[in-house]
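Down below are the structures I want you to see.
Look at the two complexes coming up: subunit A is in both, with subunit B in one and subunit C in the other.
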Partner chain A sequence: MNIVSIFIQTLVGGIGIGSLYALVALGYSMIYRSMGLVNFAHGSIYMIGTYFGIIWYRGMVMGLQVPYPIAFVMGILLTAILGLILERIFRPLAHLDLMLMLLGTIGLGYVLDNLAVIIWGAEGFAVNSPLPNEPIVIGGVALLPQMLLLITVSALLMVGLNVFLAKSKMGKAMRAAAQDRETASAMGIPVNTTNALVFAIGAGLAAAAGILAAPIVYVNPAMSAAVGLKGFAAFILGGAGSIPGAIVGGLVFGVLEAISAGFISSAYTKGIAFVVMIVVLMIKPAGIVGEVTVDKV
Partner chain B sequence: MKRTILFVFMALAILLAACASPTAAPAPTSAPAQPAATKAVASQPTGEPIKIGIIAAFSGTNAVLGDWMKKGTTLAVEEKNKAGGIQGRQIQVITYDDEADPTKSVNLAQKVATEDKVMAVWATSNSTSALADIPIFAQYKIPQFTNGTNVDITNKGSAYIFRATPAGPSFEDTLIDFLITVKGMKKFAIIADTSAYGKGEGDYQEAALKRNNLQALTREAFGIDDKDFTGQLTKILQTQPEVLLLGSSEVASGLIAKQARQLGFKGQIAGGAAVGTPKFIETAGETIAEGVFFTTPWLHDEANEMSLKFVNAYKARWNETPEFHGANTYDGTKLLLLAMEKANPLTSENVAAELHKISGHKGLQGTFNVTAKGETITGTLVGIIKGGKLTVWTGK
Partner chain C sequence: MKNTASTIKWILLGVGGLVLLAYPLVAPNRYTVHIVNMAGIWILMSLGLNLAMGYCGQINLALGAFWGVGAYTAALLSTRFGVPIWINMPLGMLLAGITGALIALPMLKVRSHYLALVTIGLAETINIIMVNEIWLTEGPLGISGIPMPNLFGIPIDGAERFYYIVLVCVVVGFLVARQIVSHRIGRSFIAIRDDDTAAKAMGVNVAYYQVLANAICGVYCGVAGVLYAHMSTYISPDIFEFKNALFVLTMTMVGGMGSLAGSVVGGLALPLAQEWLRAIKSWQLVGFGLAIMIVVLFMPGGVVGLTQKIEQAGGIRLPWARKPAAEPSRMEEPNVS
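After this line comes the complex of A and B, so read on.
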């Protein structure tokens, strides 16, 4: 293996995990943008979403085993419904002081984590990939089918989300409501409905990320903490509230982790990624793709 | 702008604190005097159950360790209770979940020692937490059993710590000597996590290689929460090792084995205690786990009457086949019950003293001789995963 293929190999792993962070960061970003709410329960929603999909795939519901693509869609839909319920619970929090918002969302995150332990047990399980486990080798670079699936579907979801927000009537209404709540309301946009939809989409994206990554990682209730934190870091790194920022932030964070593991020091990957994040924020506090509007919170 | 920075810092601080699993109980600064604690245990009226505490991870990725610890201990205790208990008293097992978090573990240790007044305790399978709990049980003179393998555990100089299984170097020495002398392998790469267990395993592997005049081609590390090892494994594969040595928990080891094969690693995968468990096979998948070498102090052996009896009892009670954690907690609890029978009067301090006198006791893992430091047994055997099962290596 030459240095180029080693670099590409590391990069592919980084982009794969980065896509996972990006999808989670998108949820943070969309909810923050539309409701002004930083949802610290989002890592737990990601975990619950993973279970919501995988329980069908593994036949954990009345022994009913469904194919992976169907389980994937079912997981997203169920989590989106959970998102609608959570939005109703969080609605009063959005107008409160940041500290109360934090406590409220973190508290609900804990409740979700504990519910998962009660329902599915604390131990967790490994999930088999629906695709072959044999890697596709191109020029010395081993590409894992599941990783390629994660990257491809994540990319499609991100493009789809952007098209939806830019072109569709509902997407435009959501953007308008996010930009100026009062004016949008006066123009006849049902702000609470758009917010609920934003929450549902954010939750659904997190579920998509979890179900796609499940065959690569290990599914258990404790998985919410690590990805929740890194998704949040990506959200801040890209620029709080920015949609492209969340995507860029997620990818940058994943690639940083992989490269520091492969080329610098494997013991301190997390430290290195966070140091870079802090340095970026010191130079450019609004984040990489940060928008000026973010500051008005 | 200022607000954004402030916001980021505040949010990060709170989120990090949330991730570090905050504990509600305040850290004890002034503990009650030691005699009071032991006296309280001694003054328990006859007839009241004798309590044995288990502090272990019952949730999180290490939850399986707590589960095994409970199953082995409970089985031994129930057998004893059926036979009439100790000095007419029944024995009761109480469990506590520390989530493999040393901070939580220390708080629970304090609670177990002062409030629940246990006679002895299993704390814990996680070396990091086991190490953290040692000073507390030493202070209250309560015997502490562990199956954590980090060597430092028995080097802390406590007369109240007992390891009911061989220490880490025994696992890694056997494994590496086998791979070098029997399998003729020379090129090793190590991947170990940064916990007390993982770092310890990596260190013992390096020491064993050095003893054989070899050196690892590379040694990579990772945090215990990591799930993607592409970076580390890519770096390892460049060095073209014959053997990939694992030094981490059951789940992480399984994920690494899986990802290493997916990245094209064709060589031998091997590891110590955590690899010789059903959880490793489940996580890696049967196909990938096939042919992996491990070392263990105990494996199901049809030819051994004691082993067979234990396996049948364990299966009947828990509806699953035991692995070595179930066996070593069963062994350790047997030692403890033996010491409790001899202790007169029955105080935790006397139980510890009696434990130190045990020698030549036959258990599942071999013959136990308790040393002054609290080691009880040495010696591990080589196993191989075949057809999704942990089996004894027979030379083929």
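After this line comes the complex of A and C, so read on.
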């Protein structure tokens, strides 16, 4: 195995984990854009979403074991419904000072995390991959099928989201509501409904990411913190409120992490990624793609 | 009227002082004293955070790092070189203060939620150093066998005796914080919090005071760290993780951002509430989260803000009344194109 194939393998692994971060970051970004809410409970929504899918796949609900694709869809739908409910709770928070918003959403995250512990236990479990576990070897590069599935489905979801926002009537309404709340509602767009749908989509995307990554990572209630933080970092790194920014931020963060783990020091993976992120923010305070709004606070 | 109010104030102070001094003698058991000692440590950190965030408006989620620097300084010096607490204390304060000043540097460049992330990132990085630099910190196993202090030949060998050290630190910390707030430094902090551009126009050296606010926050957390190391005799990196920084943030906000009394109220209330809720195990943290939500939604000024509302509604002046704090700065409504 030469250095090039090791590099490609690291890169693909980074893109895989990066897609996971990107999908989570998209939720942060869409909710911020439409509601002005920095949702620190999004990591918990991701964790709950993972459980919502995996419980069907593992037959944890009345022994009812369903195939992975169906569990995937069911998980997304259930989490989207949860998103609709949570939006109603979060709505008053969106108009508060940043620190209160931060604390309020963290409080709700606490509630979700610990409900998960009460319902499913704190231990967690490994999930069998629905695809064969042997890596596919192409030219000396060994790739896990589940990783490829994660990358492919994430890419499809991201393209789908962009098409939906650009072309569909609902997507246009969402963008209009995000752009100018008052004018949009004067034009007859039900802003609260579009916000609720944006929240549901964000939650659904996080669930999709979690269910896709579940066979690679270990499923437990504590997983909300790490991915929540990295998704948040990706959201900021790309440029808060920007949809392409969230995707770029997620991928950059994933690849940075993989490269630093593979080539520098696995102990300092998280640290190196954070340091690079801080340096990027010092040079470009509005993120790589740039924030959609100019923050004047 | 004014005389009665000040008489009540002095009586309250006197009774409060006596209760504080007598507490370990009348406490039901050693564990309850330990909880109160721990509350004192939280109060110190909350005071520091309040000065930086409540007064100067600097979002800072890196408290765990400052606390850790203080604690590791004390732990390493005492276990490796047998340095006593009264030398560790100023050194821990100094190093944590320097860490605070260093962490403030990115603040001169980035703002609001970006800043929240940068401070989290820096704190995480320092935590990773604690886990990985095993030659220095013993890694995830932590440092054990930190000696309890020995002051003037009296061994401070139990929670009851340690209580008085914590008490002195909290009282001194509170009085110093009050001096800072009423001093020119405090007024500059408030000016920066309310409008940093206007403050700059008025000739306030904004960058200097931002760094100073965080350095002071670091010093307070440093004191808390040194106390913690010598009190618990054991430290490990997981104590200084982000979740405990959040706990301090929560208690500061529950007590009241921009109010020193709020830090004391929050710093006492939350750890005690946590102990009471321990009986209901897993539901404890669910209740904790719900409590945070309720505070945020229904009393955003914290407990102290609530007493202020009572005063306004009843047209009375409570003996512990404080000067009103200005409204916290709001985040701009996002306007997306």
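The rule we apply is simple: the second predicted complex is superposed on the first by the 292 of 297 C-alpha atoms of A that agree within 3 Å, B and C clash if a C-alpha of one lies under 4 Å from a C-alpha of the other, contacts with A are read in each partner's own complex, and residues count from 1 in each chain.
Methods note: a residue touches a chain if its C-beta (ideal position, glycine included) is under 8 Å from a C-beta of that chain, and two chains touch if they have at least 3 such contacts.
It should be emphasised that the depicted structure is a prediction, and the values quoted were computed from it without experimental measurement.
K.L.:
Taking the superposition as given, does A:229 touch the first partner, subunit B, the second, subunit C, both, or neither?
P.N.:
A:229 contacts both subunit B and subunit C.
K.L.:
Pick one for A:275: touches subunit B only (first), subunit C only (second), both, or neither.
P.N.:
After superposing on A, A:275 lies in contact with subunit C but is clear of subunit B.
K.L.:
Would you check which partner chain A:165 touches, where first means subunit B only, second means subunit C only, and both and neither mean what they say?
P.N.:
neither
K.L.:
Does subunit B (first) or subunit C (second) touch A:150, or do both, or does neither?
P.N.:
neither
K.L.:
For A:38 in the superposed arrangement: first (subunit B), second (subunit C), both or neither?
P.N.:
Touch partners of A:38: subunit B and subunit C.
K.L.:
Looking at A:118, would you say it contacts subunit B, subunit C, both, or neither? Reply first, second, both or neither.
P.N.:
Second partner only, subunit C.
K.L.:
Quick one: classify A:240 as touching subunit B (first), subunit C (second), both or neither.
P.N.:
In the superposition, A:240 contacts both subunit B and subunit C.
K.L.:
Contacts for A:97 in the overlay, against subunit B (first) and subunit C (second): which applies, first, second, both or neither?
P.N.:
Once the two structures are laid over each other on A, A:97 reaches subunit C alone.
K.L.:
Looking at the overlay, does A:209 come into contact with subunit B only (first), subunit C only (second), both, or neither?
P.N.:
After superposing on A, A:209 lies clear of both subunit B and subunit C.
K.L.:
Please report the subunit A residues shared by its interface with subunit B and its interface with subunit C.
P.N.:
Common to the two interfaces on subunit A: residues 38, 98-99, 102, 106, 109, 117, 225, 229, 232-233, 236, 240, 267, 270, 281, 285, 295, 297.
K.L.:
Quick check on the complex: what are the subunit B residues that touch subunit A?
P.N.:
Interface residues on subunit B, with respect to subunit A: 1, 3-5, 7-8, 10-12, 14-16, 18-19, 58-61, 63-64, 67, 194, 220-223, 225-232, 234-235, 237-238, 251, 254-255, 258-259, 261-264, 282-285, 287-288.
K.L.:
Provide the residue numbers of subunit A that touch subunit B in the complex, in ascending order.
P.N.:
Within the complex, subunit A touches subunit B at residues 1, 6, 9-10, 12-14, 16-17, 38, 40, 98-99, 102, 106, 109, 117, 122-126, 128, 133-135, 137, 142, 144, 216-218, 220-222, 225-226, 228-229, 232-233, 236, 240, 257-263, 265-267, 269-270, 281, 285-286, 294-295, 297.
K.L.:
Please output the residues of subunit A touching subunit C within their complex, sorted ascending.
P.N.:
Those in contact with subunit C are residues 32-34, 36, 38, 89, 92-93, 96-104, 106-115, 117-118, 175, 178-181, 225, 229, 232-233, 236, 240-241, 267-268, 270-271, 274-275, 277-278, 281-282, 285, 292-293, 295-297.
K.L.:
Considering the complex alone, what residue numbers of subunit C touch subunit A?
P.N.:
Checking each residue of subunit C against subunit A gives 53, 59, 106, 109-114, 116-118, 120-122, 124-125, 128-129, 131-132, 242-243, 246, 249-250, 253, 257, 282-286, 288-293, 295-297, 300, 328-337.
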